[in-house]
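What follows is a pair of complexes built around chain A, which joins chain B in one and chain C in the other.
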Partner chain A sequence: MFGRQRLVVVPTKIAQVGGLVRMLQTIRKFVIDNYLFGEEGTLSDEDSFMETGIIDSTGILELVRFLESTYSITVTDEELIPDNLDSVSKIASYILMKQSASPQTAQAHSFRSSGDTRP
Partner chain B sequence: MCGIAGSLQIDDGPVDRERLRQMIGAIRYRGPDDTGIYCQGPVGLAHARLSIIDLAGGHQPMSIAQDALVITFNGEIFNYIELRNELIAKGHRFISSSDTEVLLRLYQEEGERCVERLNGQWAFAIWDAPRQRLFLSRDRFGVRPLYYTRLDGEFLFASEIKALLTCLQVPCEIDLMGLDQLFTFWATIPPRTVFRGINQLPPGCSMVVQDDRITITPYWTLDLTGQTEHGGVTDSQLAEELFELLEDATRIRLRADVPVGAYLSGGIDSTVVAALARKSAGDRIKTFSVTFESSDIDESRFQHEASAFLGTSHASIRCRHEDIVGVFSDVIWHTEQPILRTAPAPLYLLSRLAHDSGFKVVLTGEGADELFGGYDIFKETKIRQFWGRRPASRWRPLLLKRLYPYLPNIQRQSLDYLKHFFHVTPQALSGPFFSHLPRWELTAKTKQFFSVSTQAELAEADAVSSLLRDLPSSYATWSLFAKAEFLESRYLLPGYILSSQGDRVAMAHAVEGRYPFLDHRVATFAARLPASLKMKVLDQKYLLKQAVKGLIPEAIRTRAKQPYRAPDGISFFGGHDEFVGDLLSSQRIKQDGVFDPRATDALVQKFRSGRETSVKDNMALTGILSTTVLLDRFMHGRNALSGPASRERHTPY
Partner chain C sequence: MKPNGAASSDLLRLDPELETERITNWIRATVFHALRRKGAVIAVSGGIDSSVVAFLCARSLGNERIQLLFMPEADSSPHSLQLGRMVADALNAKSVLEDISPILAGAGCYQRRDDAIRLVVPEYGPEYKCKIVLPGLLDAGRYAIFSVVVQSPDGRMTKVRLTPDAYLGIVAATNFKQRTRKMMEYYYADLLQYAVAGTPNLLEYDQGFFVKNGDGAADFKPIAHLYKSQVYQLAAYLGVPEDILRRPPTTDTYTLEQSQEEFYFTLPYEQMDLCLYGKDHGISTSDLARASGMTEDLVDRAYHMIEAKRKVAKYLHAPSLTMD
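Moving on, here comes the complex of A and B:
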C-alpha cells in the first residue's frame, strides 16, 4: 500500500530533477494559494499539514480534486491518508508512485523507489 | 414586541429628553405603533411600541403609585392572566388589561425576585423612585436583547446597540476580543459584544443600577445536574407529560389581540408548534416558509406536506442568491454583529413576508434541538465518546460518516484524518469542551484572515479558555452529552440563533417571535430527562418524537434531521460580484485594518475562479463581508445612526 511506504526519489537526469522541482513548486503554490491564501510564511516541504493546521477537515477534497485534475490520477478512498497527503513532499512522492504504477499517465522520467524505508 | 431605551444620571444631573428621543428613534422599527418618553429627575425611559396585547391601554412607559414605579418593557409575559388574578386576590387594582401593568405590580408586590414568577420573554427596566434604583432584567434564554454602557456620570441602556450609539459620547469602535470570540463561537460571550465598551446583560440575569454601582445577579440557569433515570415512570408517561407541557406552552403563547402566525421549516419542531397552535387556535393560524433554489437545502416538499396536513393557509417566499446579496447589508445593520453564515438573510425575507401579510406575531420551533437532543453535534459527541473509549477501533468511526451524509469531506476521510480532526483520544475525552472543540477549532481557522495588527492585538486572547470562568460549579460532574447541551443553550442559542437568526431579523419588520419550546417549564422538564431519552442510541429527539405521534405527518416525524442552511459564499458570485468587489477591495480592507488585504483578495479570487471551497472558506468570506458592512454602516456611517434603518450609506449597493 502506498500509505505504508516512504518513497525515496533518486533522479537520474537533470531533466528529472527539473520535473520534480516543478512538481514540488506546483503543489506548494496550490497549498499557499488555497490554504494559506498567499501567506507563505515558513512553510517547508516537510511540514505536516495536520500538525500545523494548514488543512482542516473540510479542505481535503479540494486537494484531491486538484491532484486528480493536475496529474491525471485517481485518488482512491484507501489512499486518502496522511501518509500520502500530509506534506508537500509526501504528495510529490505519492504522485510519482501513482504515475509509475500507471503506465498511461507515467512520465518518461524513471524514478526508483526504495520501498519501505521506515525504521 | 417593542424597543426600549433609557438613561440614568449617576451624577444627579437632569436627564436629556432629546437624547432619549434620538435613542428610541434609532430603533423605532421595533415598535412603529406608538412611542413614549418619561423623564423625571435623574431618570429617562423611552419606549417604541408594537401593540399586541391591550391595544388601547398598553401605552408605555407606564407608571403606578404616583410615578413611584415606572417601567419600559420589551416582551411578553405569557402567564400574565394567572398572575393578574393572583394580584387582584391580594388587593391590587388594575387600570389596564396589559401584561405590562401585571409586571409592574408584581414587582411592587414581590420586588426583584418577581422575575422568577414570569413565564415569558422580556427585557425591561423599572425605575424604583423610592429606592432610587433602576432594576433591569432579561429573560431566561435571552430571547429579547438588552445592551448597556456607562459614560462619565451616566448609565445608558437600549434594546439595540444603534440606540446607544446615537449618543456621540459613546465610542463606536470594534472590540477585537469580541470579534475573536465571534470568529470562534459564532457569537460573543456576554457581557461582551463586538462594540468596545458596550455590554449586553447575560440571559437569565437581572441588574440593579444605583448610585455609581452596577450589580448583576443571575436568577436562572439551565441546570443539567439532575439528568437521571426516571425511576418508575415509563417513557410513554413522560411523553404524555411533555405533550401536555408543550400544549400549554403553545396555548399561552397564542395570547394576543392580533393574529398569530407560525413559521414552518419542514422539520419536526416548527411543525409541532404549528400543529399545537392549530389545535388551540383553529383555522386562524397562517403558516410561513422560506424556500431555496438548490434542492439539497430546500425543504418545500415537507413544508407543503405539513401545511396540507394541518390545513393552514400557507405562504412562502423563495430566497435566491441575489436576494441574499440584496438584503445582506440591511441584515447586518440589524444583527449588529458579524455573521459567519448567510442564514439570517432568508429569515429576514421571511419576517418581511409575515409583516406584509399583516402578522405581528409568529410562533417558531427554536429551542427544541438544544433541549431535546436534536443537533448533530450531540450525536457527534456520542459517537466520538464511543470511539474514544476504543481509539483503535476501525468500525466505530464509520458512524461519523453515517452522521454526516451531506458532507463529502467527511465521507471520504480515512481513520487517521477523522481521529485527528475529531480529537478522539482519551485525554480529549476528559476536557471540558470535548463536544465543541472540533467545531470551534474549525471556525477559529477563519482568524488566519485577521491582519497582522489584529493578530498582534489578540496575541494573548484565548476565547475558549475564557469560557472556563463562565461555567456552573457542577459542570465538571456532568455527562459529555449534558455539557454539549449546555454549551449550545448558553452561548450559540442566545448569541446567534435567537439573536442574528431570531429577534433581530424578525424585529427588522416588526414581527415578534414566540418559542413554546423555550417555556421554562418545558426547559426544566427537558433538563431533568436522562440523555438516553433525548437520543436513544443515535435516534435524535427520541422522547419528543414519541410525544407527537399522530400530531404531525409521519414523514416529518420520522425524517432525518436536516440542518437549516442557506447558500453562503456562492451567493456573492456569478453575476453579483460588484457587492464583494466593492466591499472587499484591497484598498478598503487595508484602510479598515481588521483583515489582511492580500489573504482576503486570495480568498475572493478562490471563489471567483469557481474552484472548490471549504466550509472554512465560506465562513471566512461571510465573516469578512459582514464585518466590513458593520464597520461601514456603524463606524464610518455613524452620522446616519440617529435615523431609521435605511439603505443610505457611503457606498451604494
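Moving on, here comes the complex of A and C:
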C-alpha cells in the first residue's frame, strides 16, 4: 500500500513543481522581453513591479492580455490588484489560484504547454 | 470628501495681485526679450487655464498684441466656444475661429479612434458616443486601467475594459486633436511673429497630463508653476467670466462628457493639489490627512500615484536627445 502511494504521489509532485518552474520561466521571460527590452539585469521573481517602476498602466493591460491568452483565464476587474500582479511570483501564485478554481482550464493548459494535442 | 479645513486651504493661498505682477513681468521679459516675438498666440478652450493665460498675456503685452484662437472639432461641446468668446469679448482681443474637424477627418482621427473602439465594442458606430475612464483612486486598490464607456443611439450605456490595442489606438487617434491645434497655433505664430503660450498648470505639467508635441508644446508656459486651486484664485482676481470659473474642469475631447478626474487624476483637483503640495513639501500622510480631511489611506495612495505618473511623464517632458 505504502509503495503504491509513493509511486503515484511522487511523479505528481514532480509534475507540479515542474509546472510551476515552467510557469515562472514563462512569466519572467514575458516581463523581461516586454518591459526590460530583453535585458534581464537583476530582476528577481519577488521584485515589485511598482517599486522598481518596471510596468506602467499600459504595461498592466499588456500583462493581462498575456495571462488571459497564455493561461486561458479571465482576469476580472476585482483581481486587477498588486497582490495578484506586482511580481513574477505573485503572478504565478495568482495563476495557480485561478487554475485550481477552474481545474479544466488548468488541465487544458497543461496539455498545451507540454506539446500534447489531446483535447 | 473635499478638503475643508482652514489649514488645507491656507497651504495653497497666494497673493493674486503680487503673483499677477510677477507673472506679467516674466511674460514681457520672455516674449519681448528672451524670445524676441511681437506678441502671443493663445488657444482658448473655454476652460480656466487658457482663460487665465489669455488675461495674463493681455495685461502683460497689451490686448492688441495677443491673438486668441478657438479650435473646436466635431466632438467639442458648443458651450466651450461660447465660453471662449466671452474671454475674447472681456479682453477686447483679436480672435479667430478655426474648425479643425476637416483636418482631423483627413488625418483619419475619428475613423482610427472608432476602429480602435470596435476592437472591444464591435457594434460601435457613427451615432454612438464615447469616452474613456479610469477607476477612482479608492476603487478597492485596483490598478488604474482604462475602460471605454459607450452610449448607443437609444441611450444604452456600456462600459468595457480596454485591451492594450484598443487603448493605444484610441489614445493615439485622439492625440491628433491636440497636435492639430498646436500646428494651427504655430501657423498664427509664424504669421504674426508671435510666441505660442502654453496653458498647463502645475498639476498637469508635473503629472504629464498633456500630449507630447501637442498641448505640451509651447514657447512659454506662464502658469506651469501654479497649482490648479491657485489658478482659480488668479482667475477671480483677474476678472475671468463667472461662467468659466463655475465650469467643472473637462477634457472636451470625447463625445461623452468626461471629467479630468475620470480621465487622468482619479481625484478631484482640490485633493490632487493638496497631495502634490504635501508630497513635494515633505508633509507626512498622517499630517496631510489631518489638515485636509482626507483619509490617510487616500493620501498614501495619492502619493504613490503621483510618483507613478511622474515616471510616465519623464518621457513626455524629455526633449529630443542628441549625442555629445
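Please note the rule applied: the second predicted complex is superposed on the first by the 94 of 119 C-alpha atoms of A that agree within 3 Å, B and C clash if a C-alpha of one lies under 4 Å from a C-alpha of the other, contacts with A are read in each partner's own complex, and residues count from 1 in each chain.
Just so we're on the same page, a contact is a pair of C-beta atoms (placed from the backbone, for glycine too) under 8 Å apart; a residue touches a chain by one contact, two chains touch by 3 or more.
Computed from a predicted structure; not experimentally measured.
Taken together through their common chain A, the two structures put chain B and chain C in a clash.
In the superposition on chain A, A:N34 contacts chain B only, with no contact to chain C.
When the two complexes are overlaid on their common chain A, residue A:R65 makes contact with chain B and with chain C alike.
In the superposition on chain A, A:P82 makes contact with both chain B and chain C. Touched residues of chain A were counted for both chain B and chain C, and B has more of them. In the superposition on chain A, A:L43 makes contact with neither chain B nor chain C. When the two complexes are laid over each other on chain A, chain A has residues 50, 53, 56-58, 60-62, 64-65, 77-78, 80-82 in contact with both chain B and chain C.
Contacts from chain B toward chain A in the complex involve residues 407-410, 412-414, 416-417, 420-422, 438, 441-442, 445, 448-449, 596, 598-603, 606, 611-616. Taken in their complex, chain A has these residues touching chain C: 50, 53, 56-58, 60-62, 64-65, 77-78, 80-82, 85.
Touching chain A in their complex are the following residues of chain C: 135, 140-146, 161-164, 167-168, 304, 308, 311-312. For chain A in complex with chain B, the residues that touch the partner chain are 33-34, 36-39, 50, 53, 56-62, 64-66, 77-78, 80-83.
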